[in-house]
């Protein structure tokens, strides 16, 4: 089997179905998205990645919306097309408004700019930041 | 003058002093940090960058703490040492607890991992994300 | 001529044909892929890049399969769509199985995650690594 | 407690000690390196990251040396100083010779170069790579 | 309104039209390109970004062509598809010939290669560079 | 021999000395910098990299100063500390003034910002750029 086609539920082995079922139950969705259907080519990676995402993205000291926006900020910085589309959708679902998206993008843009200004001017770390 | 030394207030021309004064007033701090003292080698970039940061980081649809955490997430992804140190300090000042930092780092780590899984498996964007 | 179209063998000047011929002979393929047909817009870059690739990718202390998997790992980290597709194909041809691809992706994913954890926690290098 | 100091075994809570013990047992080393002592500030991330690394880095379809070299290739591409130092040490321990390191670096360098040539020339993916 | 569609002049509020008019006047073009029509979803970011670009890209110590080629070099390094296409067009308009583009790409490729060789060999900075 | 120490001329084998001599002659300098002394651990990579750099950085359609500034722009974007230091020195030697450095950094900063705005807003490429 080539990893170039997604694995559908009906064709999936039991350990893949178990993960798909848990994703659908946890997120209360009818079907899993392409990311999981491609990872299903490697069942241990599918299970480990889902277990980690489920633990990491559960609300804790940070709420789900903040976590989704951080995920989107990283994906935009890395230029991952799939991840930008999927985490934009997830952040919207968690409550990100157009105004919040606009401000998120403004911060991400400025951070990417000033990261390079700090690199290029070779700015040494202030002692105050080390205390 | 070599750009290898920071510009101190006492040696700065009026247009640089005006920016330094506005940073100190806006942030209620006694002195500006190294980033601004190095940018001061190029006064138009100093002024433009500060004006942009002041506008972008002001609380709006997102509060200051969320904005600082997004800034930190980008800086960690890019591996900018200075920016990680300074925005960690800024996020702490804005209220980031140890628990929040821990969850922020966990999300940043997972996003950087799954960004590459999506790249490598060449996952096509789900139609549902385009509606 | 705009660099937006590939250069075909029949239209290529002698120094480009010489490189195309060497690629086909070395790799035992009938035609060169798009990468070389685009680089052909700049014959010195075409020749220099092919000479380097030929030297670097020849089996030595590392075999061809290991080299192709390292190439793929870098391309996935950088998110280069063309390079992921072409080096996935090259690694498959050199013997990469589905199971090997799955483990390669798992390592690439974890490395991208822990690189950011090390950045964000600002972990100092252990003395033991410097000996 | 500030996340700026590593957590030592003697000061660690039981769930951290359990992970440290497992790392030492699995890798047959006397003490864990700084990466784990910093992650220990966030015990769930420590445990999850170690469990994932242990699973991902175990020999399978790829041997330990190949996995460590892929880890190093990613770390060099991302410019993560700590990760380059620690995975260089790990790869050496797993059997990487000077000659293998030299060839690994040559491949990583060329991949980073040709990734940008493919980007800049906007090379379309060959149909042959999609079959 | 979803940020998935560009904002057309006829539908734009006055503050967006004012920026569009200034872009058209400054660049002497009939219509603004997609980048600005998407940023128009967030008028303050549209205005701030345009004001910055207008200031930064104006000829000064560096001429317009050099600035556009630097912009393209960064976009190629980051792998931003839109930015590569738009700044290639802008650099051509400013006078970049096929030969100049070829040499630009050769430099960008080599820089991305040697950046990783310097990382991987962990080369310490020469004292001579610090004077 | 560990790759952790630079190779000095007096300890170098003939093929390394030949490259060192050519670098010194071409650049009219008394001694080669650390980059070459570390690459000397792998003589074929040393020779290939120097031959490529010598060809790529020679003045052609672009002059030496423009090439050095493009090299610096890439190094700043990638955050390579050694490369920023060494190519800043090289660009200064080739004639980069403080004002030119300031404008270069301003362009690099804006390009890194707008690259992410284009990613995040998922801006489609204008048809006009494809003609």
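Per-chain numbering from 1; labels A, B, C, D, E and F assigned in written order.
Operating definition for what follows: a residue touches a chain if its C-beta (ideal position, glycine included) is under 8 Å from a C-beta of that chain, and two chains touch if they have at least 3 such contacts.
Note that the structure is a prediction, hence the values are computed from the model and not measured.
Chemist: List every chain that touches both chain D and chain F.
Modeler: Chains touching both chain D and chain F: A, B, C, E.
Chemist: Consider the two chain pairs E-F and D-E; indicate the one with the greater count of contacting C-beta pairs.
Modeler: Of D-E and E-F, it is E-F that has more C-beta pairs in contact.
Chemist: Between 0 and 180 degrees, and as a multiple of 5, what angle does the rotation take that fits chain A onto chain E by Cα atoms?
Modeler: 120
Chemist: Going by average Cα coordinates, which chain is farthest removed from chain F?
Modeler: A
Chemist: Taking D-F as the reference interface, which entry in A-F, B-C or A-E shares over half of its contact pairs by residue number?
Modeler: Matching pair: A-E.
Chemist: Can you work out the whole-Å distance between the CA centroids of chain A and chain C?
Modeler: Chain centroid spacing, chain A to chain C, equals 27 Å.
Chemist: Where the CA atoms of chain B average out and where those of chain E average out, how many Å apart are those spots?
Modeler: About 21 Å separates the centre of chain B from that of chain E.
Chemist: Among the residues of chain A, which ones contact at least 2 other chains?
Modeler: In chain A, 3-4, 41, 44-45, 48-49, 52, 56, 77-81, 85, 99, 102-106, 108-110, 112-115, 117, 119, 121-122, 130 touch at least two other chains.
Chemist: Which stretch or stretches of chain C touch chain F in the complex?
Modeler: By the definition above, chain C touches chain F via 4, 44, 48, 52, 55-56, 130.
Chemist: If we count contacts the way the header does, which residues on chain D are in touch with chain B in the complex?
Modeler: My answer: residues 1, 3, 41-42, 44-45, 48-49, 78-80.
Chemist: Which of the residues in chain E come into contact with chain C in the complex?
Modeler: It comes out as residues 79, 98, 101-103, 105-106, 109.
Chemist: Quick one: which bits of chain D touch chain C in the complex? Just the residue numbers, please.
Modeler: Within the complex, chain D touches chain C at residues 3-4, 33-35, 38-39, 41, 45, 49, 52-53, 56-57, 60-62, 66-67, 69-71, 73-75, 77-78, 80-83, 85-89, 97, 99-100, 102-104, 106-115, 117-119, 121-126, 128-130.
Chemist: Residues of chain B touching chain C in their complex?
Modeler: 72, 76-77, 79, 81, 84-85, 104-105, 108-110, 112-117, 119-122
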